[in-house]
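See the structures that follow.
The two complexes that follow have chain A in common; it is paired with chain B in the first and with chain C in the second.
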Partner chain A sequence: MLKVIIDNIEIQVEEGTTILQAARMIGGKVVPPAMCYYSKLKDSGGKCRSCLVKVVKGSAKDPRPVPKLVASCSTPVQDGMVVENTLSAEVQEARKGVVEMLLINHPLDCPVCDQAGECDLQDLSFGFGMEETETIEPRREYPGIDIGPLIKLNMNRCIHCYRCVLAAEQLTKKRAHGMLYRGDTMEISTFIQTAIDNDFSGNMIDVCPVGALTDRTFRFRSRVWFLNPMDARRECGKCSGKVVAWMFGKEIYRITGRKDQFGEVEEFICNECRFEKKDINDWVIEGPRKIKRQSVISSNHYEQMKKGSIIHPIEGTTEPQE
Partner chain B sequence: MTAAGLTKRSKIVSNKTMSFWEKIYLPAIIHGMWITAGHLFRKKTTVRYPEVKREFSEIYRGKHVLKRDDEGRERCTACGLCAVACPAEAITMVAAERKPGEENLYREEKYASTYEINMLRCIFCGLCEEACPKEAIFLTKEIVNADYDRDKFIYGKELLVEPMDPLKRIDVSKRQTPEVLEFKKDRNQRHNVH
Partner chain C sequence: MGRAILLDKVNIPGIQTFEVYRAHGGYTSAAKGLREMTPAQVQQEVIKSGLRGRGGAGFPTGLKWSFLDRKSDKPRYLVCNADESEPGTFKDRYLMEHLPHLLIEGLTLSSYALGVKTCYIYIRGEFRYLVGILENAIREAKKNNYLGEKILGTDFSLEIYVHPGAGAYICGEETALLESLEGKRGNPRIKPPFPAYKGLYNCPTVVNNVETLATVGPVITMGGDAYAKLGMGKSTGTKLMSACGNINKPGVYEVELGLPVEEFIYSDEYCGGIKNGRMLKAVIPGGSSVPILPADLILNTARGDSRLLTYESLAEGGFESGSMLGSGGFIVYDEDACIVRNTWNLTRFYRHESCGQCSPCREGTGWMEKVLYRIEHGKGRMSDIDLLVRVAKNIEGNTICPLGDAAAWPVASAIRHFRKEFEEHIKC
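Presenting the complex of A and B:
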């Protein structure tokens, strides 16, 4: 077991754990944002730099600090390492720069974008972004592409995190999807738009941290904060059948995987569950999905407007840990 | 100790018998009439609406308008921010995707195919106007007319979207803060390009 201190909190972790994973074990504000790392996808991470942290003490053996900020998702911890995330002004400043870079070509058309309200980039820009842009150059623009009948690709919003490519590679045996070109002209492509008809291809929508890949069956139908997310399940031969049904009244508007507190799906679901089962009778509704109180999805949900008292505080209303 | 102890504001009632003048009540009545008569000759605080109308403030918050842009395209993109900001939950909308050939009608890829405000619920707080990222919705100096039928107060797009005719456009420039106007001048914002 290795001992590591992150933002003055000590934790024991197994060898081979990355700083980001260790921070996630601690939880709360210590966890650096991750736009490309996805624990369920092998080899993910190291692309976006939003998870930068400062290593003020390399290890017990070699206590020198690491001269540059490191990507916490791809740096394994050493015994006796001391890491600063929220405590380091340098990290906060660097993260601001990372957000600026991520937004350099981003249209920020959130009012049109179906991801708005559950978008990691929106949260990140809200947390660290600047109010104004310093660039005057035109942003790159691509027409929208339909990847098959179920998925919409809007390349303008893509941040090149590679998650979708890894998902396509690792979840679906046949890779029909990859990156073309380099740098800011990089495009994810379906190798000349061969429709992806694999059973698990829909998970690319869930792993995409932005609105570059969205569900065509849900396109423009509603905004996520008008819907009620409900845990639902069904017997499914291909996947666990455990999903979140986003409902409006008795109608199911869309189905997604169940996302945990770090925005990662708990289990990947199959396309049949995601796209074809929109009838409420197909599902056993377990109950409302708990959504972070800070999320816009929780707004106007009245169960949260109960008046708390000192004796019976409402769960989660005291200074949140996450 | 009297029961008055709770608030300290109650007065102790005395049971003293009234004098003759107090018993005939006349002086008290005349005093009251005097006050009433005094009010008759004061300047009136009301106006004879609808013949006479009060002057409205330039930024009076009345009936909403859904604006079009300079080229007559609807600005609203059905983003739902007005509806989530609305404390009275008066706004509902359904979004639709713009089809090729409709670029002269709608500014963005997505538009509101229906947009309704329930004027009976609305409290004219102006939060929708403040929330709108597309400067599509504004409150105006017009007031919402009375009616006998509750259903008539659900205003749809036909009542809210401003007319195409440039002469009949509704001027909202007075409502736009200097910051907003400054922002609109910036052609680098994708938002303002068209």
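Presenting the complex of A and C:
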């Protein structure tokens, strides 16, 4: 076991653990934000630089500090390492810089974006963003492409985290999309304009930290905070069948994977569960889903509902589940 | 010219061919190394020589070799980085074009020292015409048993392959190079693990610059100690400088490290002074990514010592008043050159060449380019100057690979030393 101190909190972790994973074990405020790292996807991380931290002591053997800030998601812990995240002014400044970089070309179309309310970039800007922008240049725009009837790609919102590429590569038999071009003109696209069509492609939506990939069957139907997220399950031959059903009254508006407190899905689900089973009779409703406390979704008090009952969000009446 | 070690035979007609190269003493160091020395001894000579990486970072070559994971049972690789794409640097191209066998000889010796059986030359896509020259040299060397199976009757065998890139500057970064060599998109890898442990195809790998590897031959011929006597202090030996810009004699020159910069610019032996009798304004001494220095600071350090062509002297004063030797791409500007336009041009390059993987570099290079475009085209705001400084600071050190630093330094240094010029651009 290795000993590491993050923001003055000591924790013992196994060898090979990254700083970010160690911070997540501690939990709370010391956890650096992560826009590209996804623990369920191999080789993810290192790209967005929002999880930068300061290593003030390299290890017990070599106590020298690391001169540059390091990406906590891809830096393994050394025994005796001392890390500063919230305590380091340098880290906070660098993170502000990263958020600014991510926002200069991100459209401010949150009012019409389906991701609003569950968007990692919104949370990050709330924590570290500046109130004013210094750019007067027009934002980057991409020509829209159609990637099929189930998933909507809005490339203008993309922050190039690579999660969807890795998800497609690791979950599906054949990846039909990838990163094209270079630098700030780089874009996610399908090869020769094909539609993305395979059983697990819908997970691209769940891993996307922003509104670049959204559910076409749910598009513009409701803001997420008006819906009640309920744990639901069904017998499925392709996946675990454990999902979150986002409901309005008795109607299921959309299905997503179950996300943990760090916004990562617990288990990837198949497209049949996600896109085709929108009838309440397809599902066994287990009860309200716990959404992370700071989320705007939590503010609609859906958690007051008792297991086995559904509240109509407007009338506020409880009716027994059939 | 001072002591030439690499380019001493460059003017001999037909030196590109095996016969002529051999007749002028070529491949003697390979024969000496392979027949009379153990691999450890060859490496020891390189360590003793104090040879430092000539690609830009100046990391001691012997030390880099000693990091190679020798306990692993996987094959080891040597990769020659010939992806020379930095604006202002053209020394490797010259070396490969005129002395291909010198590189092959260096690769043979280095592979022998490192226990490598397969070696790749990753060459810049635009250098397509050099691929034929190198492959021809490899063929000739093979025919004469200086490459291939059981070289010179010893137990050592080596294959060298030439692999052209597709024209991306970022593939000069060693891990992006390895990705590209594996047939993937040329994105730099996240380190650790370092190539010495997990490099090409996840095997222990050493990546060295063309000039570095070509120098190994002469180091073995003359001995590490003798090589270390050349140069000055920790900057041992000779270095190829590619001089360009507003000078009378642009070209590739071999200098013994320690030569005063003033002599290099004004001596007829080297650059031959500023063109048309104009005044020197500024110099980028080590390829486009190192900080630019104004005339007074390139000729003398801030403390008043005369500036020398060594790793240490050029770096003296840090980023406040110093620069770097880098890859030796020596770009000279006369009094008529516009620093703002030049800086904009460089940011245009870095914006185009950023791989786009990490946020600060992807967005920051584009942002700096747009702001500098505005300033250059008469639409700048006074606040833009501090904005540029801030953006450069936010990129520097926060990226996966050094391309972010390389993009930020020219902008930061140009504003540091020529702020007035930026202000004048904005005012009028």
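Quick note on the criterion: the second predicted complex is superposed on the first by the 299 of 322 C-alpha atoms of A that agree within 3 Å, B and C clash if a C-alpha of one lies under 4 Å from a C-alpha of the other, contacts with A are read in each partner's own complex, and residues count from 1 in each chain.
Everything below uses one rule, namely that a contact is a pair of C-beta atoms (placed from the backbone, for glycine too) under 8 Å apart; a residue touches a chain by one contact, two chains touch by 3 or more.
Because the structure is predicted, anything quoted here is derived from the model rather than measured.
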Chain touching more of chain A, residue-wise (chain B, chain C): C
Touched partner set for A:L102, first chain B, second chain C, both or neither: second
Chain B versus chain C as contact partner of A:T86, first or second or both or neither: neither
Which superposed partner A:G46 touches (first chain B, second chain C, both, neither): second
Which of chain B and chain C A:A116 touches, first, second, both or neither: first
Chain B versus chain C as contact partner of A:W225, first or second or both or neither: first
Touched partner set for A:L69, first chain B, second chain C, both or neither: second
Common interface residues of chain A - those touching chain B in one complex and chain C in the other: 135
Partner chain C, residues of chain A touching it in the complex: 45-50, 52, 68-69, 71, 74-76, 94, 97-98, 100-102, 104-105, 134-135, 137, 140, 159-160, 162, 179, 181-186
Complex contacts: residues of chain C adjacent to chain A: 168, 170, 185, 190, 192, 351-360, 362-367, 370-371, 383, 387, 390, 393-394, 397-400
For the chain A and chain B complex, residues of the former touching the latter: 107-112, 116, 133, 135-136, 139, 144, 219-223, 225-226, 296, 299-300
List of chain B residues in touch with chain A within their complex: 77-81, 83-84, 89, 95-97, 108-110, 133-134, 188, 190
